[in-house]
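Alright, structures below, take your time with them.
Consider the two complexes below, in which chain A is the common component and chain B and chain C are the respective partners.
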Partner chain A sequence: MTRSKWARGVALVGSGMSKFGSFLEKTSRDLFVEAYLDMQNSLMKDFSPEGIEAFYLGNFSSDLFEKQAHLAPILASWIGISPIASLRIEDACASGGVALRQAALAIASGQYDVVLVGGVEKMTNLSIAQVTEALATAADTQFEIPAGFTFPGFYAAMATAYMAKYKAPREAFYHVAIKNHNNGALNAKAQFNKTIFDILTSKKARAEQKGRPIPTWETEIEFLSDPKANPPIAWPMTLFDCSPVSDGGAVALLVAEEFAKDFTDNPLYLIGSGQASDGALPDRDSLSHIPAAQIAGQEAYEMAGISPKDVDFAEVHDCFTIAEIMGIEDLGFFPRGEGWKAAMSGKTSRNGEIPINTSGGLKAKGHPVGASGLGQVNEIWKQLHGKAGQRQLTGQPSIGLAHNVGGSGQTCVVNIFERRE
Partner chain B sequence: MDYEMVSTEFNNALKNKQLIGGQCQDCGHNCIPQRQVCPKCHSHNMEVITYSGLGKLVAYTVIYVPPVDMANAGYNSKNPYCSGIVELVEGPRISAQILDVDLTNPENIEIGSQLMMTIIMRGEGENKSSYLAFSPKK
Partner chain C sequence: MTRSKWARGVALVGSGMSKFGSFLEKTSRDLFVEAYLDMQNSLMKDFSPEGIEAFYLGNFSSDLFEKQAHLAPILASWIGISPIASLRIEDACASGGVALRQAALAIASGQYDVVLVGGVEKMTNLSIAQVTEALATAADTQFEIPAGFTFPGFYAAMATAYMAKYKAPREAFYHVAIKNHNNGALNAKAQFNKTIFDILTSKKARAEQKGRPIPTWETEIEFLSDPKANPPIAWPMTLFDCSPVSDGGAVALLVAEEFAKDFTDNPLYLIGSGQASDGALPDRDSLSHIPAAQIAGQEAYEMAGISPKDVDFAEVHDCFTIAEIMGIEDLGFFPRGEGWKAAMSGKTSRNGEIPINTSGGLKAKGHPVGASGLGQVNEIWKQLHGKAGQRQLTGQPSIGLAHNVGGSGQTCVVNIFERRE
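Our next item is the complex of A and B:
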C-alpha cells in the first residue's frame, strides 16, 4: 500500500534545463552541465554544492546512444560533487520524472535533506534507424518487436483503437501538433521554435525562390493533410504527429520542506506524486488509453488532496499527438472519448480551459528521453513563478502537473507542484 | 508436442507452426506467451496450451519507417507493412504482422475483422527464422 502523504514534506527549490535540440558537438556531460548551471541561476539565495547529499540521474540509454553506461558517478564527478551517492534511474522515457519521485521518496524517508536530480539524453549521434533500434529496447523485444512494431507504431496502434472506439478523426491529432508548435515558438529553448504556419510559409517561399511550383496550402490543416509535406511514419501517425530525436539535459534541486526557505523565498511544493506500471501493449486492459497513467494520476491527486479541476495547467507526455489526447483523459481533465474534441476546440490551448504543454511539449520543445520529465518540471517552475515570458499564463496559476510516460505506457509517473503565497 | 515452461519455447513452437501460451489450472486464465506464474491469481500451477490461431484485429498500424530487421526484410516507405494486435478467440492478445490487407488505404483496414494465424519466414542464412503473422480469415 502506498501512503497517502509524504512522511515529510518535499520542496522544489531550483530548476534548470539546457536548450533542447540537435547538438553534434555536445555530449551528455555538456548538456547536463548546461542544465545544472541554469538550475543554479534559478536559485534566489547562495547555494553550496557541498550541501548536496545524493544525486539521482534519469537516463534511458547512454549505453546505446553514446556507448557510455554508469553515467551518474561520471556526471557527479564532472561537477565536483563526488563522493556522494550517485545513481541512474531507468524507466525509458519516464526516467526523469521517476528520478524526481525517487529523490522525493529519499527525502521523505528522512535519509537525505538535499538531493540533486538530473535527466539527460544525447540521442542525435546515431542514425534514425539506430535510434529507432535503441528506443525499441524500451518495448518487449522478445514478443512485440518481432511483429515489426516501432515506437511510432505502438502509439499509432493505440490511435486506431481510439479512433474506432470514439469516432475521432485524424485531424484531431493535427490540432495537438499545431497548438504545441504555437507554444514552442514562444520558447527559446525549444528544438522547434517555429509554428507550423511559419514552416508552411517558409516552404512556400523556398519553392517560389527556386522557381518550383508553389504548394497551395493555405492553412496548417491543409499542409498537414498533404502527404508530400507530412508523410506517414506509422499510419495514422505522420511526421508532425511525432516528437523529434533530441539532445538535452534538465536538473531539479529537491530539499526537505523545512529547509526550503534556505534556498529560495519562493519554493514549490511537491504535493502529490504517483507512479504505476503495466505489461506490454497487448497485455493491457485497454488499448485506447494508458491504464498506468490513470492509476498514477489518481494516486497523485489523492496524495495532494485535490481533483483534476484544481490543476491550473499541465505538461502532458506528448511523444506522439495521440499520447496527449489519451493523457488529458487519463488525468481526468476530460471524460473518455472527449479528449479529441477538447484538442480540436482549443480547450487545451494557452487561453483554454486547461492549458496543456505551454512549453511546446515533447512535440515542439524536443524529447531527449531521460531529460523530458524534468524539462516538464522546468516549465512548471517557470509558469508558477511568472517567468514563462511570452507564453506566461495569466491568472497567477498555483498548481501545475507533470505527466511522464515510459515506453508505450509500461510506466507512468505523475508529479504535482504547488506555489504557496 | 510437449513444450517446457520457458519463454523461448514460444519461438520453438512457431517453427512447428503452433501458437502456444499458458493456462492457469487454478483460475482458468489464458495468457500468451506462456509464463511460470499466473498474472491474474499468482498460482504456479500453469500448463502450456496450444491456441487455435483464430482471432480478431483490435489495433493496427501501417509502418513506413521500419526498424533495421524489417528494413533488411525489404520494407521501406514505398513498401510499408501492417503490424497489429490480435485478440485470440481464447481471450489473450498478441502482437503480429498482419498480411493481405489494403496497405494503400490503411483507413479501410477494419478493427474487429476476423483473422487466422500463419507463419512467415524472415531473414537470411543464420538469421532466418519463423515469425507469427495473421491474415484475413477466408
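Our next item is the complex of A and C:
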C-alpha cells in the first residue's frame, strides 16, 4: 500500500511544546528546555536521554533575533545530551517541519535509531522594526525587499490575486481568523488563548452587556470590519489576518519504527513526507496558490499511499489567513477557488468536513517561526492520542497532516502521521 | 570489512569551487554559480541538472553577512533547479561538511538518488568589527562572548594550554603556516596563492636580494618572529596563525553508489562519515584537544573499517595553526603531544608521512566558513583524481579525509573518501 522509498519506517514517540507567547525574560534555551520537559511528560515509557543519538534543530534566525548562531550544539549541551551530532536546519518559517523530515531521513538511512528534533524561536525582544527587518531576510533581499515588499505585503498580493481570480469576498478571510481564535481559546498553550470576541470586548464591556446573546460569527465579522478595532496592515490583510510575533519551542522524538513500542504503547507513524522549493514571488506563474505546497503534498500523499480525503484533520500554515485558504486547496482538501467557500461555510471548523488548525493555528497559537512546524506536530500528537482536551476532535481521528511553509512559499514541507490500533 | 549502518552507499561524482578570496562586487549567488559551473566541468559525463532531486546548502550566516536567510531555495532557483527540496544546514564553520553528511544520509535512506551539496559564505563586505561580531555568534554568546572572548582568543587559550601541557615551542605553529602557504602557492584558487616569503618580501625587495639563497624555513621563521611583520592577534596566535576572512563557494554532487558510474568513470566513495558536538569551552575537561573531533573521527573510521594509518592525506580544519596541530592528534595521525613535533619535522608536508592541507588549508586557501568543508572535499577530489597540478601527491593516493570543525569545537564532522580501481 505504501510506496515509501525509505529503507525503513519512522515513528513519532514523543512530542512537547512550551507555551507560545511573548516572554521577555526567556531565551531560546529556556523555551527549548520547557518544550523538552513537556515532551518527557508525554506518552513515553523507559525514556533515557542517553539513548538520543542525534539532535536536529529547526531555527530560522537566532543569528538576528538573539545574536546566537551555532545553536544546535549549545541546546544539546544545555540539556546534557552532548556529544551527539547536532545541527541546525533553516528554511525560514518551515525550519521545524524540514528539521523533522531530515531527522526522519537520517533514521531511515540506518545511521540513527533515536533522534531528537527541536524547533525554537525567540522573537519578541526586538522592536517591531527590527523583527520586520529580520523576517524580511526570509524573502529575496536582493530583489523583493528593495521593491518595497514586507511579509504582510507578500500575502496581501496573494490575497488580492486570489480574490480577483475566484471572486472571493474580503470577509472569507475573517472566517479563518475567527475559527482559529475559537480553537486557540481552548488551547492553554496558545499565545492568544481567546476568541476574537473576547479580545475585542473588554471584560468590563462584556459584563455590561450581560444578557446579550452569545456572540455570533456575524458579531465578530462586524467587529473585524471596524478599522479602528482591526486596522489594515497591508490591504486586504488586516491586523487579525496576521499571525503574531512569538516566542516558543517545540520538540519531537523520532525513532526507527521497529523500536517505537520500546518508547510508548501508542506511537504515531510518519507515513508520508514531502518537501519542495520555489523561487521568489516574481518568479512564479501564479500568485493565487503556492506551487511548492502542492508538490510537497503530492509527494507526501504518494509516499503514504493515501489521498487528501483520507486525512482526518490538518494543521495548515496560516501565517496569514489567505495562507490557510490557499493551503487547503494546495493540499487537495478543496478544489481551487473553493477554499474560501469552505472557510465561510464552516467546513474547516472542528465539527466540519476537515478540521483545520484545531490548535488555533499560527494565527492564535502563535508563530515562533522555527518552532511552528513542530508545534503543528504537537497538535497532531495530542489529537491522535485523544489528549486535546476541550478541542478534542470526535470520531477517533487516525491520520493528521502538518503543512509548513517557509517565506512566501519558497519552501514547503508536508508530514503525515498515522495512529494504528 | 565496512561496518556501515547505512542502507546503501553514497558516491561523490562531481566537485567544484569558486576562487576563494575577497570579492567586493560578488554576492553568495555569484560565488555559488561559479562553484556550480566548476563542478559541471569536473569529471562527469551525461550530467543533466534535471536529475538533481534535492539541494543541501551549508551556510553559516548569510543572515548577518548579507541580510539574506532562507538562502537554499534562492540558490536553487538561481541555477534553475527549483522546485526540488532545498534546505540550509548550519553548524558554524562546519556547515559545509555537515551539509555533505546530511545529503549523504538522505541518499542512504532511499529518498533521493542524486543530491547537490553547496557551501557558500560572503564575508568581506562587512567591516572587520562587524565580521568579528558575526563570527562571535558561533560561540556561546550568553557566556563566552560577554567574558571577553573572540575566536582568536578561543584558539589562543587552546594554544596556551597545548604549549603548557606538551612543552611545545611557539615556533611549532609557524611551521603549519609556512607549510600551508607553500601549498597554497601552488593552488590558483587559493586566497593567498603565495608563500609567506613572497608575502613578506615585496617584489622590489626580492629583486634587490637577487643572488640570495632560496628562502629557507629558517628565513621564514625569522620573518614571522618579527612582530612588525607578524603582529600578535591573541597571544600566542599571531597574524599568520589565523585564517583569513574570505568569500567563496564550493559544490559537490552526491549520488547513490549504484548510479555512480552513470555520472563519471571515476567516482569517489564516501566510505566513512562521523559527526559529534560539544558544549562551549568552559564546559570541557581539556583545552588541549577537541573532543568532538576525536569522536567524529572514530565514528568515520569505524564506518569505513579503516584506521588512521590507512589515510593517505587529509584536509584538516586549520582556522588557526593550533587547530591543525590538535586536529592531526584528534584524528589519530599522531599521538597526543606529538602533533607539534610532526609539524616541525615536516611529517605533514606534501612529501611527508601524512600530507596535511595540500590545498593550502583554510590558512592559505581561505576560509569562507560555510564553503570551507566543501572546499576541503574539492581538494580530495583533485588529489584522488591526479588533478592537483603542481601540488599533486605522488604514489597515487587512494584515501583522503576531510575534518571540518565548527566554532571552537562545538561541532566536528569527518568525511572519508576512497578512489577504487
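The rule we apply is simple: the second predicted complex is superposed on the first by the 400 of 421 C-alpha atoms of A that agree within 3 Å, B and C clash if a C-alpha of one lies under 4 Å from a C-alpha of the other, contacts with A are read in each partner's own complex, and residues count from 1 in each chain.
Everything that follows uses one rule, which is that contacts are C-beta pairs under 8 Å (C-beta built on N, C-alpha and C of every residue); 3 or more make two chains touch, one makes a residue touch a chain.
All figures in this text were calculated on a predicted structure; none of them were measured in a lab.
Looking at the shared chain after the overlay, A:N266 reaches neither chain B nor chain C.
By the touch criterion defined above, A:D283 lies against chain B and chain C together after alignment on the C-alpha atoms of chain A.
By the touch criterion defined above, A:T27 reaches chain C but does not reach chain B.
When both complexes are overlaid on chain A, the residue A:S398 reaches neither chain B nor chain C. Counted by residues of chain A touched, the larger count belongs to C, out of chain B and chain C. After overlaying the two complexes on the shared chain, residue contacts for A:Q102 are found with chain C alone; chain B is out of touch. In the superposed pair of complexes, A:Q142 makes contact with chain B and with chain C alike. In the superposed pair of complexes, A:P232 makes contact with chain B only, with no contact to chain C.
Where the contact sets of chain A with chain B and with chain C meet, they give residues 133, 136, 142, 279-280, 283. On the side of chain B, the complex with chain A involves touching residues 7, 10, 32-33, 39, 58-71, 75, 77, 80-81, 83-85, 92-97, 106-107, 111-112, 131-132. Of all the residues in chain C, the ones that touch chain A in their complex are 5-8, 27, 29, 54-55, 60-61, 63-64, 66-70, 72-74, 76-77, 82-92, 98, 102, 105-106, 108-111, 133, 136-142, 275-280, 283, 291-292, 295, 406-407, 410-411, 413. By the touch criterion given at the top, residues 128-130, 132-133, 136, 142-150, 152-153, 156-161, 164, 231-237, 279-283, 287 of chain A touch chain B in their complex.
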